[in-house]
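Chain lettering (A, B and C) follows the sequence in which the chains are written, and residue indices restart at 1 in each chain.
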Amino acid sequence: MTLAQREHYPPKPEAVYFYGTCLMDTLYPQAGLAAVELIEREGVTVIYPQDQTCCGQPPFNSGYREEARAVARAQMALFPKPIPVVIPSGSCGAMMRVHYPDLFEGAERDQALAFAGRVYEWSEFMVHVLRVSLTDRGAPLRVAYHPSCHLLRELGVGDAPTALLSQLSGVELRPVQGATECCGFGGTFSVKQAPISEAVVADKCRAVAESGAEALVSADCGCLMNIGGALARQESPLRVLPLAQLIKERTDEA
Amino acid sequence: MSDTREQILQRLRNGSATPLHRPNHRAEREREWWARQPAMTDPAARFLAELDAVGTPHVEIPDWAAVPAAVGTWMAEYGVHSVMTGAVPALDPLRQHLAGQHGVTLHTYTDGALAQQEALFSVDCGITTVQAGIAETGSLLLVPTAEQPRLLSLAMPIHVALLERRALVPTLAQWLENGEYRGEPPSNLVLISGASRTADIELILSVGVHGPKVLLVALIG
Amino acid sequence: MKPDAATFARDAARAVNDTVLRGNLNHALGQIREKRHAAMAALTDSEDLQQIGSAIKQESLARLPELLEQLEENLTRRGIQVHWAENAAEANAAVLAIAQRRGVKLAVKGKTMVSEETELNEHLQAHGIEVVETDLGEYIVQLAEQRPSHIIAPAIHMNRQEIGDLFHDKLGEAHTVDVQAMTAMARRVLREKFQQADMGITGVNFAVAETGTLCLVENEGNGRMSTTVPPVHVAMMGLEKVIANLSDLPTLLRLLTRSATGQVISTYVNWIASPRRPGEQDGPEEVHVIILDNGRSAIYGDGELRDTLNCVRCAACLNICPVYNRIGGHAYGSIYSGPIGKILTPQMAGLGAAGHLAGASTLCGACFEVCPVKIPIPDLLLRLRQEANAPSAAGRAVFGAQAGAMRSGTEAMVWKGWQVLHNSPAAYRAMTRLVALAAAIGPREGRRSLWDHVPLKALRAWRRTRWLPRPAERSLHRLLRGRPNA
């Protein structure tokens, strides 16, 4: 495992692929649409292969590599052009960028490495490749940001989401106690080790609530599902939404 | 048992055939890393700052002649009634001074008889010279000898360490480079960097567990 | 301690609800994390230093058999006796043999995880030898008849009230919760033991092959006492503790003490190269080293899993782990707990007994971030999960018959079905459509939907404290139909 932090970013491309991720596809599609439209707003064409399904992380994390490999192969085949593949998720991005090469050997591994080199997490892409400049049209809002573990530690993307949020002049970024601690999701961990997962997310919810934020954003749908689900159960008034959706809402012209 | 040894080693030899998982440029990277650390312009100042950081009292004195007075002051300050040193020539003036001090019993460590061990465990203070000081970590480097055994810096509540300024080196790595240790390792070497301590109860610092509760350092020269 | 999946589940659940334990852990671990963080931040490019630490261990491990032979030769040349132990039983037998030959009645112990691993105390005590732990934390857990719950601070799961009660009950001391007073009690008791002891038993932090030096680090002075006063010193070490050169030590020490307690150096760093020499007035007459395998050579044989042996036992991974922070060390059911325990125990105790530990992680990566020798713990957990669920033992040399020990036919079918579904774009899209339709059925007000009543065990576990998100009516696939497809 390496921190896959890049040293160099390419210039703005004419077109990119977009990998929506299965969670965003089914649970947060508006955020996916927002992420796509925010790229298109910069004059970049977004290609969305309809045959995409899932990056393969669920079986991979459970130790079922053969199944993960089969799905990974199929996903990579959908993105043949040497253009960036943008993914609005730290965990799926890390799966493709860090783990795909390890699923293969020989020539397939080389192909996977080349593919991995083209994978960008969405906020990373917005900040370091598109270099967006955002105009905030929203009402003042106190926002807490949860940095997902895969984004922060596996992909080494720490700055991009907060860089985007700090461009929103009406947004006050509220610090969260223990911000970089895991939310306790961990995929099947959340149900296989439910008591521990619950204890972790309970602390995260408390910290988020105590931050005084009115909304919680993250760049990972798994984390949002987890923290959001717990907050909702606690009847919290906090609005929980993906980063891309918040940005789109606030920067759309009325 | 030599079968066990051979079995273990053979398994490891078989396992050694596995190639190194990742490439390695360690020595070069270590040099580069050290070069990026802030340069130590004044080792003595750094040494004393590290002593301060852990609360070790210290004095700077100009020469060995000033040692008796400095130690005498400490004896009074800490209410020391019994003190032990080794029969090291450099400490003769100190021993003479202490022998003449009212209310202080001087023990001279002469041999390892049981009575001496009892004395080691019952005196208030042990005084030793030390071979070197490591500035980076505020450490005293002691190699026990016949005259200054291991317990002389361990068994009593107060340890006074006498260090010559010219024996200070910036880092442990540099001390190792002088080759003294590698040539013929002594049976024992210890780096002492403060009073004995623990935080095993609720992470609350408690000083003076099994070793000395007070470490006092005189930097000479 | 014998790990077991059901026991782990029960003990973990109990621990997260133990408010006293949680309070004790929060209080202590938060402080250690801050200390470590401050100490590393005071260095320029501390992350690079961690990589260098990893490289040092890697280099030494690459030469492990040769270095062990060199170490043995140098130790032996200076009069230190070397014993090799295949497993816990052999290690304990070796220590007992030395003790019996010397007529040992009382042994004092410096802190050594290896002796906990082999359960040495019980073995010696069963043969009539009194064993007294002298590290304050170990002494406390010994009095409490518990095992240490943390590599560096064995009694971290207890607060001073509990320890005060313990000292009062077991030592007959006046009841106090004053930490200095309790420390003084332990000092008084243990000083007698050091002087009466016939044998001192310690661990080894690093064994330097180049010179045959045993390096021990500590803060309390009990290690120095145990290796100086009794006439016999026995040092126990895992075979992975050997490093090549003296020049490796400064960097490893720099990393170890900062990572463990946030100190620039531990109070005492003790280098032992021989028993007492003629003319020397103290120090042991006999020094022994027990080199323990106990599964390490098997780990060694796997190029990826070998990184497990980098471990310098600093516990930084325990301190930062969200799981350890919520359940403490005892719940793991194995002496090595936390992230390092989750990769080490399944490899030592077998995937059948302990494979579940590899699943008890969110893979957050915080452990890897803080590890001074950069053990890629999340990657190794993934590897262990793969091994534990392998379809057959064929070709899986490291684990032999244990490969696939945790494989569940049901789960395998689930993932196979998952693969078939996700390898068919049409089937996947149909499924997401069905899910969206199903979610739309049911009350629209509030957050509840049909989803919240689906009786799947996994969903029930989620629903105890969380609502499920409602699947959207129109998936992203549908919303993006107008975009270019290729």
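Operating definition for what follows: a contact is a pair of C-beta atoms (placed from the backbone, for glycine too) under 8 Å apart; a residue touches a chain by one contact, two chains touch by 3 or more.
Only a predicted model underlies this, so the values are computations on that prediction, with no experimental measurement involved.
Undergrad: Which chains lie in contact with each of chain A and chain B?
TA: The common neighbours are C.
Undergrad: Taking each chain's centre as the mean of its C-alpha atoms, give the chain farthest from chain B.
TA: Between chain B and the rest, the longest centre separation is with A.
Undergrad: Which chain is in the middle, if each chain's centre is the mean of its C-alpha atoms?
TA: The most central chain, going by mean C-alpha position, is C.
Undergrad: With chain centres defined as C-alpha means, what is the inter-centre distance between chain A and chain B in Å?
TA: Whole-Å distance between the two chain centres: 53.
Undergrad: I'd like the Å distance between the centres of chain A and chain C, where a centre is the mean of that chain's Cα atoms.
TA: The answer is 32 Å.
Undergrad: Chain C touches which residues of chain B in the complex?
TA: Within the complex, chain B contacts chain C at residues 1, 4-5, 7-9, 11-16, 18-22, 24-26, 29-30, 33, 36-38, 50, 53, 109, 111-112, 116-117, 121, 136-139, 144-146, 149-151, 154, 171-173, 176, 181-182, 185-204, 206, 208-212.
Undergrad: Would you mind writing out the residues of chain C in touch with chain A in their complex?
TA: On the chain C side, the touching residues are 9, 12-13, 16-17, 322-323, 326-327, 359-366, 368-369, 376, 378-379, 382, 384-391, 411-412, 415-416, 418-419, 421-423, 425, 428-429, 432, 435-436, 447, 457-459, 461-462, 464-472, 474-481, 483-486.
Undergrad: Show which residues of chain A lie in contact with chain C when the two form their complex.
TA: For chain A paired with chain C, touching residues are 1, 15, 18, 20, 22, 24-30, 32-33, 36, 45-54, 56, 58-67, 70-71, 74, 78, 149-150, 153-154, 180-182, 184-202, 225-226, 228-230, 232-233.
Undergrad: Would you mind writing out the residues of chain C in touch with chain B in their complex?
TA: Residue positions touching the partner: 24, 27-28, 31-32, 43-45, 48-49, 51-52, 55-56, 58-59, 62-65, 68-69, 78, 83-86, 90, 94, 134-137, 140, 153-156, 159-160, 163, 179-180, 182-184, 186-187, 190-191, 194-195, 210-213, 219-222, 224-225, 228-229, 239, 246-247, 249-251, 253, 261, 264-277, 279-283, 291, 293, 297-298, 300-304, 306-307.
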